[in-house]
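The structure under discussion is supplied below as structure tokens; questions concerning it will follow.
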């Protein structure tokens, strides 16, 4: 017999899994890097958040809850800044390319 | 027993793949990456043994050996990469082919 | 006492890393002298009192790491001590030259680290510890090989280093296989395990291949000539005389203690002997056709290393224990006399190159007139390499030939005979250029007293060791932890 | 259930390794290598070795990735590298070797014991509660000492290859980025906290000098990557002293054991020295790893080239 918490936990983890799947699909199918970044950071963070919520339901103690939330928070910080760096780099690269093409034409 | 077998087989495969990469790739960075895969294989073998031991706890000796090994390998990798960069800087390529020195002053 | 041999060089290396300028030379030299004295005392100690074993941290063997010091280790320690001291003396003078000054800063800490780790590999009695020490040796040796900073030396150093790392990885996996079979890491406990089995055989294969890669046995010799030939003279001397001996020592130790009774098969031993034989002929032939002095000497190392591997078929196939011991002694003797002679040759070559400013054999004419001392050194070291009496090389090759004939493996006799002739060919090639008088070449730079004398002393030692063969044989047959016939002295 | 998980990890490890070796682009290979490191640390976790998982995640995936990326950055053209020829000549021997070793593995004795029971028996004598730390710092302290030596020699070797006197020359931070500065402010205190926590934990739970050292090192590398000049503020003499501190601590211990006429490398029975060794080792592991990453010979030239292309 499963408790309501366990059922909720499984449900949230499944939802999280779905978002991860969607994010991965986006990573594979989207045409350029900006879109891919978009898919990765948004969908995956959401997926991770749902999984964390799902795990919080079955966690035993308060420190565990804090640790889980910290994981989500750190992943958010990491992925958003990584997204910024990648996006910025690509932006700069395209600018350099434009400049290079300019005098050639 | 079977967990041991799965990981031990994986470790052997990793070691051989690393060896194959080391001998087949002319590029130095790829050679160094392959060496690291070889190292990963050897470490995995030791840890799968540690897990396999009869006592209830994991055998700590292979764990300590692998920790030592990881630090040794990263030092060696850093040193090899530094040599590679220096070679790249001086000869303009990342290969082990001999390149005559510029006449020294 | 054995602890000091590790502590002193390491302390010296740290101090050399911290202090600038001339203090560094003084510290380095002081440590070299201290280590030398310690190695002489230790050798005497072991000669009189027999082997000792230390348990580090006071923990008994399967748990803690042991250190074992026996006749075999002290012979290598002794070799390292002499070569180390004289190379250190030489380098004080060598690196004080204007164009080399900045190199001394890197040379001293690395060299002392290398010395300390070589000493600790000669005490090794734990196979994982051996892996760590080998990495220490490879990194410091590769860094030293890259010291001169030319393109060729960088590439040679990296090639050596990649090979050495691959060898270490194979060794590490071998350690894993041994641990899986026996659950211990101590060499002597491993030797006490009697059931062989495929795990032990695989471990033997992996470890042997890993170590012969580092020792530059024939199919894996390709890294050696460039790495040793491109380094500065004192570094080449150390690399050729000591570093390859470190991995050879480990190979000997492992074959004689861990695998002797269980796994070492005649086929593997024959294969190693065959590779050694090929190495002798191929290396010596290559040495003859080279034109650069240091490359000749480096290829000669390939050849001389080949001799060492004749030990395996002789010791592991021969039946008569007396001849086994003879062959065993011969090969270790060869290691020592080659180490001394090769170091002398490289240092002398460094003097010549320093004086003439070129490495080309052809443009080194008439040096006998101008650098008689260095020419004499070359000749003396050459005598030992060729194996003419009464040098150390002669004793080694004579015993080797005797035991080959006694063992009935006739084909092995090709190595000392052909190898000796080919060695004579390239040594005379160097010397003949030395005596050609050529008035057009007028040089040359001044070679300092210390540089000439330290090379000469090494050459003299390589001859003199021939007169001390009794003591060496005693150390190798009585004062070792294992006996050649099999089994362990409790 | 566990077996399926093991199989998935094993297969993906092998698959990723194969891709790393066979993929055309170097950049892709390095990204895959970072993935490989993460997968390996997953395997360590599964094999109940959290210490190694931490170290692998920080070293194998983190620092090695930074090092490789940095080295790759100096390669101008990474695209369209031809795959090496002679595929079969090399592949078949490797396959043969793999088959041989795989066959050997079947002979691992089922009653394999290892040294685990012996360690737990002797554990009370060490005054430590966590066996891995006890093995590292006490039973096999000599290995750990030499391993600190390997780190130090690698730094010396890097200096030698660069023909540079100190690590200081390359300590110029990367150009500052607003987001980078922000993330540093947020994450660095956390990393220092985690490092300290791991260090403190080592006496009785997974954690210890290595793990703390590599986490601190990753923090330091991040600090530098983000363009923060604080690392360069440390005087180079102090830098050297911190770098050798772990090795020196062991050296002092080993020498003092000789003075007391005890066995080599024995220590007085006090927790103080173990703590001292751990702290010193952590610091020197961190500083040495940071130096290894920062001492990149082509950096200055590469920056100049980049500036040229920008202007």
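By letter and in written order, the chains are A, B, C and D; residue numbering begins at 1 in each of them.
The rule is short, and it goes like this: a contact is a pair of C-beta atoms (placed from the backbone, for glycine too) under 8 Å apart; a residue touches a chain by one contact, two chains touch by 3 or more.
Here the structure is a predicted model, which means the values were calculated and not measured.
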Innermost chain, where centres are averages of C-alpha coordinates: B
Distance between the centres, which are taken as Cα means, of chain D and chain B, whole angstrom: 12
Separation of mean Cα positions, chain C and chain A [Å, integer]: 57
Between chain A and chain B, centroid-to-centroid distance (C-alpha), Å: 31
Intercentroid distance (Cα basis), chain D paired with chain A, Å: 27
Sequence positions of chain C contacting 2 or more other chains: 128, 132, 135, 139, 142-143, 146, 154, 173, 179-180, 185
Per-residue overlap in chain D, given as positions that touch at least 2 other chains: 101, 108, 112-115, 119, 139-140, 143, 147, 150, 153-154, 157, 161
Those chain pairs that satisfy the touch definition: A-D, B-C, B-D, C-D
Chain A to chain D touching residues, read off their complex: 74, 77, 81, 84-85, 88, 96
Contact footprint of chain D on chain C as seen in their complex: 3-4, 6-7, 10-11, 14, 17-18, 54-59, 62-65, 67, 102, 105-106, 109-110, 113, 117, 120, 128-129, 132-133, 135-136, 139-140, 142-144, 146-147, 149, 154, 173, 177, 179-181, 183-185, 197-199, 201-202
Chain D residues touching chain C - in the complex, by the definition given at the top: 100-101, 103-104, 107-109, 112-115, 118-119, 122, 138-143, 146-147, 149-150, 152-154, 156-157, 159-161, 163, 165, 240-241, 244, 247-248, 251, 254-255, 258, 262-267
Chain A-facing residues of chain D, complex: 177, 179-180, 182-183, 186-187, 190, 309-310
Chain C contact footprint on chain B (complex, rising order): 15, 18-19, 22, 28, 31-32, 35, 38-39, 41-42, 45-46, 49, 61-62, 65, 68-69, 72, 75-76, 79-80, 83-84, 86-87, 90-91, 96-102, 104
